[in-house]
Structures are given as structure tokens and as C-alpha cells.
Amino acid sequence: MSAGFVYTRRVVFYETDLAGVVHFSNYFRYMEEAEHALWRAAGMRIDGVDLDVGWPRVSATFDYKRPLQYEDEIQIAVSVSAVTRRTIQYAFQITRGDTAIGVGSMTTACVARDGVAMRSIDVPADVVSKLRAAAGQAAE
Amino acid sequence: MSAGFVYTRRVVFYETDLAGVVHFSNYFRYMEEAEHALWRAAGMRIDGVDLDVGWPRVSATFDYKRPLQYEDEIQIAVSVSAVTRRTIQYAFQITRGDTAIGVGSMTTACVARDGVAMRSIDVPADVVSKLRAAAGQAAE
Amino acid sequence: MSAGFVYTRRVVFYETDLAGVVHFSNYFRYMEEAEHALWRAAGMRIDGVDLDVGWPRVSATFDYKRPLQYEDEIQIAVSVSAVTRRTIQYAFQITRGDTAIGVGSMTTACVARDGVAMRSIDVPADVVSKLRAAAGQAAE
Amino acid sequence: MSAGFVYTRRVVFYETDLAGVVHFSNYFRYMEEAEHALWRAAGMRIDGVDLDVGWPRVSATFDYKRPLQYEDEIQIAVSVSAVTRRTIQYAFQITRGDTAIGVGSMTTACVARDGVAMRSIDVPADVVSKLRAAAGQAAE
């Protein structure tokens, strides 16, 4: 994976737990923040304001290498790692300077919403090309 | 996977997001709550009060089938799915009555803590047998 | 304040922080959970499914007496402490058995929603009487 | 209150709830982030790494004027509003550009920790002067 788009973040107090390190669930929030920063960099919003679709998660994974602590400054690199007709998969690398913290992935489906009901639809053609461009990835 | 130990939970308001459903990161918190309920059922605490070791995450995954909404009553089934000398892997199934919501897994390492430093150690022999018993799994 | 309706809760791991105790922001979530349990006990839902209004917060306060730790079993007592034409104020007492943990309050406004816009409206007449009854409070 | 030290923040997705706005509990997290940014600006850390004391909350309040939404860029101004021998009170103003979002306050006690036990102690003399200086407030 190329470095991709890099989102920078500082660990805050309430993200730690009694073990003194960042709670493992927050890495999924860090990944989402990086994903949304990538969307902003691509000139888009993920919340359906400018594109009336939703992006529910299909799967999410993270492999933890080293813990994170309060006040750590971290980098979350995100890139588009796979695309199908109806899903986008992102790859993530979290680092703290030269230290590898862990790697993760998220797959999202594209859906049309009808109230609380959702119906899977094709990913709009230009979304992927805009995301790849913002992540510094070659078009496919 | 056998059903395992079942932890019951109601979705609360602050776990939802602007899409009107539970935020995907909270499923990892639900899995952890089920894991800790299993430890309680096995007569143990995971926070090192009665056993001076820690259990950091090595990896965590979740596959989402259907969304969850405010006030939903859900069941999180947990069982021990794999054990190595220094790790325990748990498998999870989340359901809402007869509806499959998704499946996940978490792998934890056993470590000795020295301040913020951690050193991988062998899983204490009786921890796994107690967890398996509490989950209704046969001894191996 | 009479004891009011009592909601019972166990402190979970991710609610603690590096100081080893429950993060102070989570007390506001505990209060909300108790408020919503009171609504359920009163046969109502707060999310507008059965009553097409919203209840944004006007103010919230908490006074902390003693810290809470992982696995603590706590009681959150809630009652209606004041009502105006367009707001409801709730009072809360958190205890752990005989130990006082703290007291808080929340004031919510009743609003009609028009997309993201909100317009203050009168509290529906029967909402307060149902909540008072569920909290074991005399009608006024 | 003078403007004080200003911390800037963007609302992220998981901070919203099904009402489409930021959950009210997160304003307390925003205030804490601003408090800790003030400590960094004053050359200090609040987690006891460079000063072996803790700062548990005594009370916290927030008055909500207008809701916040996903992607909003907000400013949280913090200043020291009152000091006693053993407590520091902070005042907060949250704005989104020219729009007032709300005001809050937090009072923290200074404590020495002995494991999970805490004992109230005097606020170290230079902590307040450093915080006031970082907030652009005159010494008292």
C-alpha cells in the first residue's frame, strides 16, 4: 500500500482506559476520522448532504502492534484498497512518527436510504476516482 | 460455534449516529462487554485485581449484517474460539431475537505490566478452562 | 427529592480512563440512560417514534462526590424536579449501595423538528403526568 | 470573561446521535480537550507525568444554546474563572464562528493519589499562574 492520504491526530484523555492506554475501540473511530478527512480532501461529504446515499460498514478489522498513550501525536494513512460495484474498501496504517502502531481495514457498502430501510446500490462512478486522487493513488 | 455464553444488552441513545443506527465502533464495545461478562461468569476479573496480568488486544474484527437501532434488545454470544500459548481468541455472534446482526472476533495477548511497558507471558493454565466452562464449551 | 425511578447499571471497562476511574463525561450518559428508562417505564419512547417531537438539552450539571470504578454496580435515581410550559427538568442521584456518588440535573426543551431546524413547543400534557407516575411522584 | 485560550475542533461523525446533532455529553469532552490544550500551552501535562497529582472533577455544567452538526468547525475558549486553595474552576464558551453555541464550567480538585485512594491537597502555586498566563489573563 502506498502511504495514501495522511490524517494527523492527538490522543485525548477520554480515549484512554484504566490500563493507561487508548481503548481498542477508538482505533475504529480514528480510522473513520481519516476516511472522512479523505472525503473532505476529495471535495465530498460522507453524510449525504451533497450526495443522497449512505455508507454503512460491511466489515472492519484492526491489528494492534503497539499501544497508544495520552497526548501521543499519531498519523493515520488511508487509501482505497479495493472496489467492487457496490462497495469500497479502505486500508489504514497508524503510526506515531517512525513507530508502527497497527493496520486496519474497513469495507463500506453504498446504499439508498428510505427512512430506516436501506437498499444496496452501485457506487457512484466519480466517488472512487475522487477518493483515489485525494489519496495520491493512480486511477485504475 | 456453539452458542456460548450469552450477554444481553439494550441499545442506548448515545450509541446511535446521524444515520439513525448504532455507530459501527460500538459493536467492539458490545463484544468487550460480553467478554467481561464471561469473565465474571467464570468467577474472574479482567482488570488485574485478582490476577496481576493484562490482556491487550492483538486484533479485532466485525462483519456487519443488519443495523441496530435505539432501544433494540440484543444478545451477544461469546465463546473461546482459539488458544495459543500466549493468546486467547474469542468469537462473537450478535443477534436481535431471531435476526442475525453480525459476527466478530477478538484476539488478546496475556502480558505482565511494568508501568506502561508490557511483556508477553503465557496464559495462566486455569483461565482458559474456567472461560470454556462458563461458555458451556467442552474442555480440550 | 423522593427516590424516584431507579435505573441500575454496571460500570464497563471503556468508561474508565487512565486515572483508573469512570471519566466524568460518562455520568451524563448514565443520567440519560436513567431518563430513557423512566420513559420506557412510563410507556413512552423519547426518540419521536410514538410522539413526533424532540427533546434537546437546555442545560446539564453534575456534582461529583466519589469516583466510580470498573465493575461497580450503581443505581441512578431519576425524578421530575421542575416543569415549565416548554421544558422538563430532571433530578438525578447516583449511588453505589449506601455510598453517595453524586447528584445531577438535566433540563430538556420540547421541540418540533423540521429537518435540522427546531422550534420550541409546549410539552404535551400527558407526558409529564406519565413520567411523574412512573417515578412514583404525586400529580401536581 | 475574557476570551481566554482558544482551542479549535471539528465535529466528527461518531459524536452525532440519531437526532442528527452532537450528543450533549460530548460538550463535556470538548471542554476537557480545551482544558488540556491550555495545559499544553502552559507547558504542563494534566496526567501526572511531570507533576505527581491528579485533577478529579468536582462539578461540571453546560448550558446549550444551539445544536452542533457533523463537520462543524468550532472554537472552545477556556479561562481560569475561580481558584480556591484546593480547586481550580474553568469557564468555557463554545462558538461556531460568530454563532454562540453554549457556555460551561468545570471545577477540579487537586489530589494526591495513593493507588485508587485520593487525598485533597493544595493546588501547586505555579500551576495557576502558568494557566492564567497561557489564557492571556492578568495575574491576581
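Note that the chains take the letters A, B, C and D in the order they are written out, and that residue 1 is the start of every chain.
Simple rule for what comes next: contacts are C-beta pairs under 8 Å (C-beta built on N, C-alpha and C of every residue); 3 or more make two chains touch, one makes a residue touch a chain.
Treat the numbers as computed from the prediction; the structure is a model and nothing was measured.
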Comparison of C-D and B-C (more C-beta pairs in contact):
C-D
Relative to subunit C, chain with the most remote C-alpha centre
A
Whole-angstrom distance, CA centroid of subunit B to CA centroid of subunit D, is 34
Report, in whole Å, the distance between the mean C-alpha point of subunit B and the mean C-alpha point of subunit C.
29
So how far apart, in whole Å, are subunit C and subunit D when each is placed at the average of its C-alpha atoms?
23
For subunit C, give me the residues that contact two or more of the other chains.
13-14, 18, 20-21, 25, 29, 32, 47, 69-70
Residue ranges of subunit B touching subunit A (in the complex, touch as defined)
18-21, 24-26, 28-29, 32, 47, 54, 56-64, 67, 69, 113, 116, 118
Give the list of subunit D residues in touch with subunit A in this complex.
12-14, 29, 32-33, 36, 40, 45-47, 70-71
Within their complex, state which residues of subunit B touch subunit D.
13-14, 16-18, 20-21, 23, 25, 69-70
